[in-house]
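Below you'll find the structures, each written out as structure tokens.
Both of the next two complexes hold chain A, though its partner changes from chain B to chain C.
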Partner chain A sequence: MSPADKKDKPADYQRVVLKNASPYHYMKVCLVLEDESTRLSAVDLKQFIISGLKSLYGEVGAALTFDLLKYDEDTLTAFLRVNSRGLVKLWSSLTLLGSYQNQACAFRVLQVSPFLLALTGNSRELQLD
Partner chain B sequence: MSVFMDLNLSFTADKKLLQSVVETAAHLGFSTVAINYVFEPTAKKKQDIPSPTPINELIDQLPVVQGRSRPIRVLNRLTIVMSDSSHFRPNAAEYRCFDLLAVQPTTDKLFHAVDRGVVFEVSYSAAIRDSTMRRYTIANAVSLMDTCKGKNVILSSAAEKPLELRGPYDITNLGLLFGLSDGDAKEAVSSTCRSVVLHAETRRTASGIISTMRSCSESSCQQEAPPAAADSEAPAAKRAKHQLPDD
Partner chain C sequence: MVRVKSRYLLCELNVSDRSSLLLLDDRAVSAAVKAAVARTHGDYGAALCSIRFNVKYLNAHTGIVFLRFPKSCYRLLWSALPFITSIETRGQKIPCFFNCLHVGGTIRTCQKFLIRYNKQQLHRMLPTCKTKEEENQVCEAILNCSLTGGRREAFEDEFESEEDEEE
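Moving on to the complex of A and B:
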């Protein structure tokens, strides 16, 4: 085709709509404890979350596979990955977890997204100087 | 942007604790909170209804809500625990200093008496503190959602400490657990709460149109706010649509 023909023909656009595109959901969570100097290892944290799932949903809940992708021990911030079907279960068991080794605690869910890239930026922490 | 509200924060006499609870609520993204005073009248002697401490005495500076530029709005709320509906007179003068009124029924018959279009509230912090209460909370919430079909319900904490508060999207997720649909669960934290607060304002006004204020001028006489032109104004239409008296 000559360049002139190409210009005359209108461009082809194709719209793609994806529903439930990603098999996984990613969550960025932070654990806030009453005693702020307590430290947990990655294994401790995963065990704690599994115990929360077990107390709310039983053995079936504890069998829900999720992965701890990244963990920062100083700020107790973690990236979790879970199957999209298990998101509501995991999220609600994180919400209802109230105590870690007899001290009060709270899981603050900072971001949830089906795409890991979306977790790199957070408009809530945006600082405009 | 939707406005999230948590209409049940327990009142404590500890000023610092209350201030930290309100600060945590502002940090989590709640635009409005209500401090709840619980009053349980006993039949023996007539007790005084507690009067709310003014907000500026409780909290020095209202924290700014995360994601917005305005400070958090703090309301006063009274919960009356009662078993008999004859005690309740909604227009008593002592109730005027409270922005919201709530009733905690202890018997079935009161439930039937207040069946006309009120908003029901489910508190979730009991589920965080204790595992037996967790079962009761979920069971009662599920049966409530069955009865009211998911409309006219609000979810709130009854938080006594800042670690018992949860963010608005976390509570929306809990609503899914209680049997609400996606849209209903978010409404339970945002638009239904907002309609409760708006309706509570109409309690002090005549049909939501005219309100009177005592003016602080030398004459110290009552002054009327300018009345609306016709009865078919927006507030009257809002009342017909939403039907939320007395929460």
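Moving on to the complex of A and C:
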């Protein structure tokens, strides 16, 4: 971004460009359960994801660091932060998670982005008048 | 022409009791490796391990093993080998560990390395013979072996006889 651009643009607008690959990726995922009334706490969810990683990628996979940034218990929607190198592993293990406590379940990956800010809005849910 | 490429790992099995090595067979070793890979790398590793992995050669006297892995994923499978602490065979559990000596692209290069390695070991151990007689015995054993078996067997046998001397 050149200094000339800065003057033209309003002060509150800032463009961020990462030259290298970004260190983290953020995922917005939603858990769909067969029995809708099942309650799941944040700890349970993380434990569930780790168990999925362990079954697919073993003890090495279970050691993958990822964070559960935010979790909404009502909609079962969670924000995950993971190292970019572990994104494929995490994503694939989420895909292959098929059952939670003997009931069918599925993870819907709603959005994935290297920027957390990008998850604030979803262009697929835009209502255009 | 193209060919399917593999990596051959030349490993040495270290056991506390050398006589237990004779109980081993290639199926037991391959089962131990597969179990270790499945534990450390899960279903993904187990699937990689089921494609073109096998135990090409096992010398039950010296504890030398050749493992073949697909070239694309040999590093991942290799990383599971240190986690093997015992091999179960014929109802017995043999505590052991793998020591990787060489990684080669063909069995031929591994064989060449093994011959060189055993030669080196012999040169290292020969000076530890206590009497002249012992030394003569070793030399005689080597000469006997090299007359009968093939080249490779000869070298391995001499390695073995040398170790017998040591004990």
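Keep in mind that, in the parts below, the second predicted complex is superposed on the first by the 107 of 129 C-alpha atoms of A that agree within 3 Å, B and C clash if a C-alpha of one lies under 4 Å from a C-alpha of the other, contacts with A are read in each partner's own complex, and residues count from 1 in each chain.
Going forward, contacts are C-beta pairs under 8 Å (C-beta built on N, C-alpha and C of every residue); 3 or more make two chains touch, one makes a residue touch a chain.
Every value quoted in this text rests on a predicted model; they were computed, and no experiment measured them.
Look at chain A after the overlay: chain B and chain C fit there side by side. Contact with chain B, but none with chain C, is seen for A:Arg124 once the two complexes are overlaid on the shared chain. Note on chain A: of its two partners chain C and chain B, the one contacting more of its residues is B. Once the two complexes are overlaid on the shared chain, A:Gly98 sits against chain B while remaining clear of chain C. After overlaying the two complexes on the shared chain, residue contacts for A:Thr38 are found with neither chain B nor chain C.
Of the two partner chains placed by superposition, only chain C is touched by A:Gly58; chain B is not.
In the superposed pair of complexes, A:Asn83 makes contact with neither chain B nor chain C. Of the two partner chains placed by superposition, only chain B is touched by A:Arg108; chain C is not. Figure legend note: chain B and chain C, brought together by superposition on chain A, show a least Cα distance of 5 Å.
Looking at chain A, you'll find residues 55-56 touch chain B in one structure and chain C in the other. Interface residues of chain B, counted against chain A in their complex, comprise 28, 66-67, 124, 127-129, 131, 134, 161, 163-167, 169-171, 173-174, 176-177. Chain contact summary for the complex, chain A toward chain B: residues 32, 34, 55-56, 88, 91-92, 94-98, 104-106, 108-109, 112, 124. Residue ranges of chain C in contact with chain A, taken from their complex: 38-45, 79. Only residues 54-61 of chain A touch chain C when the two sit together in their complex.
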